[in-house]
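Working notes, beginning with the structure itself.
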Amino acid sequence: MKILYFAWLRQKTGIDSENVVVPEDVSDVASLIEWLKERNEKFADALSDFGSIRVAVNQEFAELNAPVGQGDEVAIFPPMTGG
Amino acid sequence: MKILYFAWLRQKTGIDSENVVVPEDVSDVASLIEWLKERNEKFADALSDFGSIRVAVNQEFAELNAPVGQGDEVAIFPPMTGG
Amino acid sequence: MVVKVQAEDFDVGEELAALTEGNWAIGGMSSFVGLVRDLGGANALKAMTLEHYPGMTEKMLRAIEAEANERWPLEASLIVHRYGRLEPGDRIVLVATASAHRQAAFDSCAFLIDWLKTKAPFWKLEETDNLGERWVEAKQSDDQAADRWNRHDREAAE
Amino acid sequence: MVVKVQAEDFDVGEELAALTEGNWAIGGMSSFVGLVRDLGGANALKAMTLEHYPGMTEKMLRAIEAEANERWPLEASLIVHRYGRLEPGDRIVLVATASAHRQAAFDSCAFLIDWLKTKAPFWKLEETDNLGERWVEAKQSDDQAADRWNRHDREAAE
C-alpha cells in the first residue's frame, strides 16, 4: 500500500510518501489509522485527532469506514485550503 | 433650453440636439412633452407613449413632475440597454 | 475608482493588472466581460451599434462605482464601456472589483453589471440580415436583476 | 473545459482571450483571480507556499469543472491553480466561465471558487516574521460558502 502525507501531517510524521505492507486486520481507513498510530510517537501525535485529518483512497475522498487494501494509494492530510 | 434625443427617439424626431425657447406654461417634464408633441406629426408619434420614454434633466433621471426651465439640458430617450 | 467610456477596444489583461498592481491588501478580484453575442440562425447578427449620452454616461458610471465602494469594502474598481459599431465577438464592457475578501468582490461586480444593464444611458441598435436595423428592447429580467440590490437594502432595514 | 495546475505565473489577459476567442455564442464571461494578500501589521506575510496532491488535484479540478458545465449552460470554462512558493501580490488562482447569459457565468464562477476553497487538495503554509511558519487553517465560512450550492439543490428538490 502506498501512503502519502501532506502539509503538517507530512511534517509531523517526517514522511511524504511510503510503501507499506499492512497486516490483514487493516481493512478500512479507521483500522489503517489505528495501525499507523502504533508505529511510533510521531505518528501517534500526528494522527491523534480524527477531526483534523482527511483521507483519500485512490484519489477519492474517503470516510473512516471506506475499505482499503494492499494495492491502494491512500493519502492523509488536513482540511484543504485552496483557492 | 437644450433638448437631446437618443436612439429611436432621435431617429423618429429626426433631431439629435436642439436649442428651443419654451413657452412660460411649460414648467415640468410632462408639460414639455405635451408641448413637443404639438410641434408636428413626427414628434406626436415619437412621444405618444409615456411608458416607453425616459427623461433626464441636467443629466439626472427625472419624473414627469420634475420642474424644467429655460436654462436646463433635457434628454429624452428609450429605456437603457447598456452592459 | 476608474471609469472609461471609449470607442476603442480595451486590453483585459492590462486593465486587470493595473487594478491590483502593488496593492497587497487585495485577496480577490472579480471581473466580468460583456461581449457581442450572435446566436446565428435566421437572424444572424451583422453588427451592434452602441449609442450613449456623453457627459451623463461618465457621471452616472462614476456615481454607481462610488456607491459600490460605499456598500462593499473595495480596494479597487473599474468600469470600461465601449460605444460605436461593434461586431460579433467584440468586447462591450469590462467591470472589475477587488477586495480583501472574495465575496465582496463577487457581489459588487454583479451589482455593477446589473446596474449597467438598466441604468447606464446606453442604447443598442442591432443589424441583422433578415430584420434590418432594430433597437434592442429593455428586458424585464434585467430590471428584476437590478432591483435585487434594492430589495437587499429593504430587507436589511426591516 | 481547461484545467492547469502549475508552478509558473499565468497571464490573465491571454488566458481569458483564449477562452472566448471565436465563440460568438458567448455574451458574458465572469472571472475571479485570487491573490496572496498581506494585510501588514505585526504579522506581515513574507511568503505563502502552496502544497498540493499531484494527480488528485487535476482529477478533482476536472470533475468540478464538469459539474459546473452540467449545472449551467456554459460555453467555456477554465481553472488555473498555482502551487509552490508565492509572495504577497502574486496570483494564486484564476477561474473563468463564459455563457450566453451573464447570470450563468457569474453563478458558475462563484460555485467553482467556493468549491476550490474547501475541496481541492491544496494546503497553504504562511511564513511571517513574528510567527514563523504556520499552516493556514480551513475556515468555517468557506465550508458554509461551499455548502450553499448543496442547499440550492435540496431546495430545488423539495
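Which chain is which? They are A, B, C and D, in the order written, and residues in each are numbered from 1.
In this section, a residue touches a chain if its C-beta (ideal position, glycine included) is under 8 Å from a C-beta of that chain, and two chains touch if they have at least 3 such contacts.
In this text, all values refer to a predicted model and were calculated from it rather than measured experimentally.
Enquirer: By the touch criterion stated at the start, how many steps lie between chain B and chain D on the shortest route?
Expert: Counted as steps through touching chains, the separation is 2.
Enquirer: Taking each chain's centre as the mean of its CA atoms, which one is most distant from chain D?
Expert: When every chain centre is compared against chain D, the largest gap points to B.
Enquirer: Between chain B and chain C, what is the gap in Å from one C-alpha centre to the other?
Expert: Between these chains, centre-to-centre, one finds 26 Å.
Enquirer: Using mean CA coordinates as chain centres, what's the gap between chain A and chain C in Å?
Expert: It comes to 48 Å between the two C-alpha centres.
Enquirer: For chain C and chain D, let me know how many angstrom lie between their CA-based centres, rounded off.
Expert: Here the centre of chain D sits 22 Å away from the centre of chain C.
Enquirer: Give me the residues of chain D that touch two or more other chains.
Expert: 34, 102, 113 - these are the residues of chain D that touch more than one other chain.
Enquirer: Spell out, as numbers or ranges, the residues of chain B touching 2 or more other chains.
Expert: 83
Enquirer: Spell out all pairs of chains that touch, sorted by label.
Expert: A-D, B-C, C-D
Enquirer: How about chain A: which of its residues touch chain D in the complex?
Expert: Contacts found on chain A: 4, 6-8, 10, 56, 59, 75, 77-83.
Enquirer: Chain B touches which residues of chain C in the complex?
Expert: 34, 50-53, 55-56, 59-60, 81, 92-93, 113, 116-125, 135-139, 142
Enquirer: State the interface residues of chain C toward chain D in the complex, per the touch definition above.
Expert: My answer: residues 11-14, 16-17, 20, 22-40, 88-89, 100, 102-103, 105-106, 109-110, 113, 145.
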